[in-house]
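Next, two complexes with chain A in common: one pairs it with chain B, the other with chain C.
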Partner chain A sequence: MATVVRSDTDPAVRPRPTPARRSGVVRRVLAAAVVLVLLLGTPLYFVDSTLATLAYCAVFALGALGLTILTGYAGQLSIAQPFFIGVGAYLSAYLGVESGWNVLALTVLVVVAGGVLGALAGLVAVRLSGIELAIVSIALIAFGDYLFNQWKSVTGGENGRSAAFSLEIGGLDLAALPGMTRSQSLFVVCWTAVLLVALVARAIRRQRAGRAMMAIREHERAAEVIGIDVRAYKIGAFALASAIGALAGLLYAALQQYITPLDFDLNTAVLFLAIVVVGGVDRPLGAVLGALLVYGAVQWVSSHVDSWPFDALLSSFQGDAGLMPIGSFLTFFTGLLLIVVLLWEPQGLVGLGARAKRRIASWDVAARLRRDHRDEETS
Partner chain B sequence: MTDVLQTLVSGVAVGGAYAIVALGFVIVFSATGILNLAQGAFVLVGAYLTLQLGARWGLPFGVALLGSMVLCAVLAVLVERLLLRRLSPRDHGAAVLLTIGVLFVSEAVVESIWGVEAQRLGDPWGLDTVTVLDVAVAESDLWTCLICGVLIVATFLGLQRTRAGLAVRATASDQEAAIAQGIDPRMVMTMTFAAAGAVAAAAGTLLSTGSIGVSSALAATAFSALPAMVLGGTTSPGGAVVGGLLMGLVQQFTALLVPDVAPGLGARFAGVTPYLVLLLVLLIRPQGLFGRRAVARF
Partner chain C sequence: MKSVTRSGKRRQGRPVAVTTGLVLALTLAACGGGRGNEEAAAESGSLAEVPGFDGETFTVPMLTVTSGPVAAAAAPNLAGMQAYIEQLNAAGGIAGKYPIDLVVRDTEYNAGKAAQAYDSVKDDAVLLGNVFGTPIVQSLKDRIEADQLLALPTSFAADYVHHPALMMTDAPYETHLLAGVDYAIGQAGGDPTVCGVGGEGALQETVTQALDYGSKEAGYTVATVVGIPPTATDFTPYVQQLQSADCDVVGIVAVGEPTVAGLLAKASQLAYAPQWVGTSAQFVASMQDSPAFDYIAENYIGIGATTTYGDVENGGEAMEKLVAAHDEFSPDVPPAYQFVGGYAAMMAVDKLLTAAVENGDVSRAGLRETLASFEELDFEGLAYPWTWGEPGDRVPPSKYLVLKPTKGAPGGQTDVERDLDVPDYVVDYPFPEA
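Let's look at the complex of A and B:
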């Protein structure tokens, strides 16, 4: 088989359909089915406390999806996501509890407010390069901490405030979907929100806007030269990330029913960094996996403080035996995750998956080559 | 008048500590391009090491301070050699995240070893005051000003008058040209980290003298020095010093004025003033007071 010109149109030599080619539609339908089963089946399978933890995971995944767009696509390193989450949470808690706003109206307002604030932050950010931006985002966290502590009439100060607002939309209570407990319904609501936002984020990645943002991430000047409006896309990315963050804030308040400034401090900020780094910063799936793994692990450890091996490692009260106070554990764990993942697999779990896939694909190719070779010998 | 003079001294003291932390940030950043947030870890660990060497093991305070500076320099070099060097040298975002990881891990380790409650540092000055121009001034503030001044001068002499300092400046100005002259960029990176670690330890110790005491809240202090770094211009050592002093003064005077002028703002307001000043400066002059607008080439 010396010099046959291979052509896709020549039926004799048309390459065998690869799995990817064969199953575009099949795969999509399958994926949708799996997601649907997970979304509706999980609430039936797990107990309420597990579902509550999983719902929190959803909120963290949602906040992290904002970072996927801002940091992953557009390459803008921001630490300030909890600030916008806090704004969303306090805004919905105040208007929902004090003024009895409808949750649908709240959602719209919170998303718009988050987007506007994010665009304002973006307006400042476009004047700054990488590290100054990181510093200004730290400033936002400090400013939020001050605001949430000081504006007592709205936020309740350091003691926090109630966020037990009604989740009814025209007769349908999102906290009590037909035939479900509160935890079950909130699980479905939160993960539906994650699903929708993740689909949007995935769509953006494949469209003009996503490609423009990634071009900016790779080389800002080059992106500008090929006609991308760097300024507009950066501001847009900030607005989108903050709007998503504010939505996460609303859900967080709805889940927790009580919020304090500690929920949105620097520790939370670094928890988000750990989530996106562990999962993989530039894929929506990374945010979801990271949130499940990091927040899930933190919750799992804090509910097992008194059993082996954590009883020996962590002290849960003053004078308890243990190497580290439980309060420091979150700090330690997020810090360690950042270090280990960045050194070992900077692309996170998604990168690990991609690497494994390439490895398997290379086995596949090798097998095919061997097979072709054998066919040739026998013919 | 009494208040003003007292606040002036404490402002310069706090500002001096910010200035040397910011100096550490600037030196590392201009030579390596890394925003080294682990600086906060060395501020924290440095203060606790001084506590351990001095108050616990009974060494004289000066020796304890020097010992903690040396140990933190070694720790900083270890962080650089064992962790940061494994990253791609161009991936500054990952480097920032990695140093945040170091900061958080060390915060938790410090809390595990020394506890979460604030403790007296055991410095020789305690709550003593001296009378200057009929005004009682905290002795620890005066010593802080003095030691910070010495460290700033020493850093500048090191940068301007030694071969090592020349290598750092050359790398900061043009890394490729520096390499062509036979300067080893990895050696420069190590040196800048060591210097930054040492001054951070001193800053941490000095910030916990007097009535304040050491606590894990010190790690956040490094973040208060970040605005000082940007205010002066991210690559200007002189700017870092001016920025640090300015931030210290603004913060202390705000703390003095808020209860009288605008009590509604609350005691925490002084803590956010550095960031507000930073925001103002960035809106008007993004490159900072002494920074030069970077010219990017393809």
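Let's look at the complex of A and C:
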């Protein structure tokens, strides 16, 4: 009997897309369209000052994406991200301003430098975990504080240094994209970087590396038993997170055009902690939402300090009627937000979204059951 | 208290209709002969709308410090500025018809936050009424220049004397440090040993350079310059360093009020009593409550260019107006020396904008042109005047006064000597070109 062999390319045997797969493709196309519209449409809708704030949100989201991989996936509690951001920022500022390095070369250099430094930190960190690791990461912030303050020929010391380097790549100025202002251009550049890194982070989560990291997070010993190279994955997570941090540093310097050690201190570390906790630490979307809510809200309140209802709460002059000055309020607000999120939804905004989705799905199921019940009664 | 402040007229979005209307309006304007705003405004006799001026109101952002450890030092200065603008607006505003809208932003004395605050206000600013603190001015000055803005720094760094974007209204550190040391040596007689104290880092270098210059020009001996970090809480080693160098006259520059208070209290405990010479910003009213106040009153003098609060005899009509403004618009703010400085700075803004309105050009370029046409920056007795003109021609006040801590006096200081001439070698100090 002749055997008929048909290949997968044969239309007769190629599986036809299921409705679920089709809807998945449609969803992806729609999501891509929405992201594209947001990326290119936002600069046309908002004024420059708002775009500048949103660009800073992007930089903080980028830094937080590093923590998504390191803390969210691999379970390594580190608050040293500002150190790596600082390294990226100072390297770009020094080489960009003093030696006129091309921004493309700068990007490669800061990412590699951040990655190497992160791997070195990872070598130490593999011996530690939990609170000990957090303490060592505080030491790294302190080391950065010393380095940025004392290496004056490069960093300018406590007074800081200019970071007004050129963003031109082969005739295309990233700070002046065709038909756009500086704020519009930098908005597009920063959020494009976030988008790309978020896609990479999302891909890692779905691949073998991401699953290995999450296994380490859940039970390190068990992960080792099933053959996961815990040491290599931990060092890799540190390297990746630090490289992303350094890239965020380059963009931060480009946005601000002037950097000081205060930009990369313990307060910034607390800000990052708040961003990932509020947004949700184990999803890339959490980093983005956290940055928009924590940093964006803080900036929004700052610019509305004299409008209702903040004028009753906040003071901008000595002798003003408000309860507290804006800076104190923002510290209070960040702390309050952290407490509320940790008490109510420890998975952050992403967890809240997932909970809402489950709730809606359960309504849907309940409605279907009721409908079926009604149909049965009718028949 | 909020009437002059606002969150800024920052639009969060541009509705499609407004954008379409704007495009249509622009198209019509272009078809109508392409006249610019200024031409049209000149024909109608009104001022052209420019960034920070919407035809009715001037927007003047202030990048100051309202929270954190530096807020106490910035508060009286800001209160003085606010009182002046409230009083001005009550009289109709600039030229009697254009009120000023102050927009206050808190930098928390952090250059990063200052840059973000600057981004949020720069597009709707006729000028920056205040940028508080040397590190903040340092971080923003190039961007202010690139944006062709003008800014009034609350900073005494010599680098800003000739800077085209900065409009200093108080004398730089070097002028007052050198004049004060000169005065103290004259009072002490003989050949006293001079020392300096500065904030660790750049300001320590500023003090070192200034005293080196003074020692060369005036012939005194400089033994040491001590740098104190802003985080210092134990001042024993710094006092011992000065003591072991046998310092008779110690000039203090820019170390912050808590550091000055702590340093002098520790010197009192260690029974070390040189003549301390501070610049005007070093002493703040709260130091009256220090347990070492008697020691401070005896051994400390401040050097300033601003008349003390309430001194109507020397401040004249302007001081009467200042006191009235304080009582009406800032009654809850304790009167302080720095209040007068803030009030005088806004007087300079008033004069600049008034002259620009008279010239019919309140654009950023117009303001710079108007400012350069001033021969003198006069504060009507509230402070000694600056010689003005093009940036390179500007000379800090050539007179100074000596202040003594006095319990119960407004701001805790009274002047013991006035109208002293800044020594010639100090007037000739080589301030850096911008």
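Simple rule for what comes next: the second predicted complex is superposed on the first by the 326 of 379 C-alpha atoms of A that agree within 3 Å, B and C clash if a C-alpha of one lies under 4 Å from a C-alpha of the other, contacts with A are read in each partner's own complex, and residues count from 1 in each chain.
Everything that follows uses one rule, which is that a contact is a pair of C-beta atoms (placed from the backbone, for glycine too) under 8 Å apart; a residue touches a chain by one contact, two chains touch by 3 or more.
Just so you know, these numbers come straight off a predicted model, no measurement behind them.
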item	value
First (chain B), second (chain C), both or neither touched by A:Ala134	first
Touching partner for A:Gly66 - first (chain B), second (chain C), both, neither	neither
Chain B versus chain C as contact partner of A:Val270, first or second or both or neither	first
Contacts of A:Leu262 with chain B and chain C, given as first, second, both or neither	second
Which superposed partner A:Gly327 touches (first chain B, second chain C, both, neither)	both
First, second, both or neither for A:Tyr146, with chain B first and chain C second	first
Which superposed partner A:Val305 touches (first chain B, second chain C, both, neither)	second
Which superposed partner A:Val47 touches (first chain B, second chain C, both, neither)	second
Chain B/chain C common contact set on chain A	149, 324-325, 327-328
Complex contact set, residues of chain A against chain B	71, 75, 77, 124, 127-132, 134-136, 138-139, 142-143, 145-146, 149-150, 221-222, 266, 270, 273, 277, 323-325, 327-329, 331-332, 334-339, 342-343, 346
Residue ranges of chain B touching chain A (in the complex, touch as defined)	29, 35, 83, 86-87, 91-94, 96-98, 100-109, 111-112, 116, 220, 223, 226-227, 229-230, 234, 265-266, 268-269, 271-272, 275-276, 278-279, 282-283, 286, 294, 296, 298
Chain A partner contacts - residues on chain C that touch it in the complex	1-2, 5-8, 10-14, 66-68, 71, 75-76, 78-79, 82, 103-106, 108, 110-112, 115-117, 119-124, 134-135, 138-140, 142-143, 200-202, 330-333
Footprint of chain C on chain A - complex, ascending	45-50, 52-53, 56, 149, 157-160, 162, 164, 183, 255-260, 262-263, 299, 302-307, 311, 315-321, 324-328
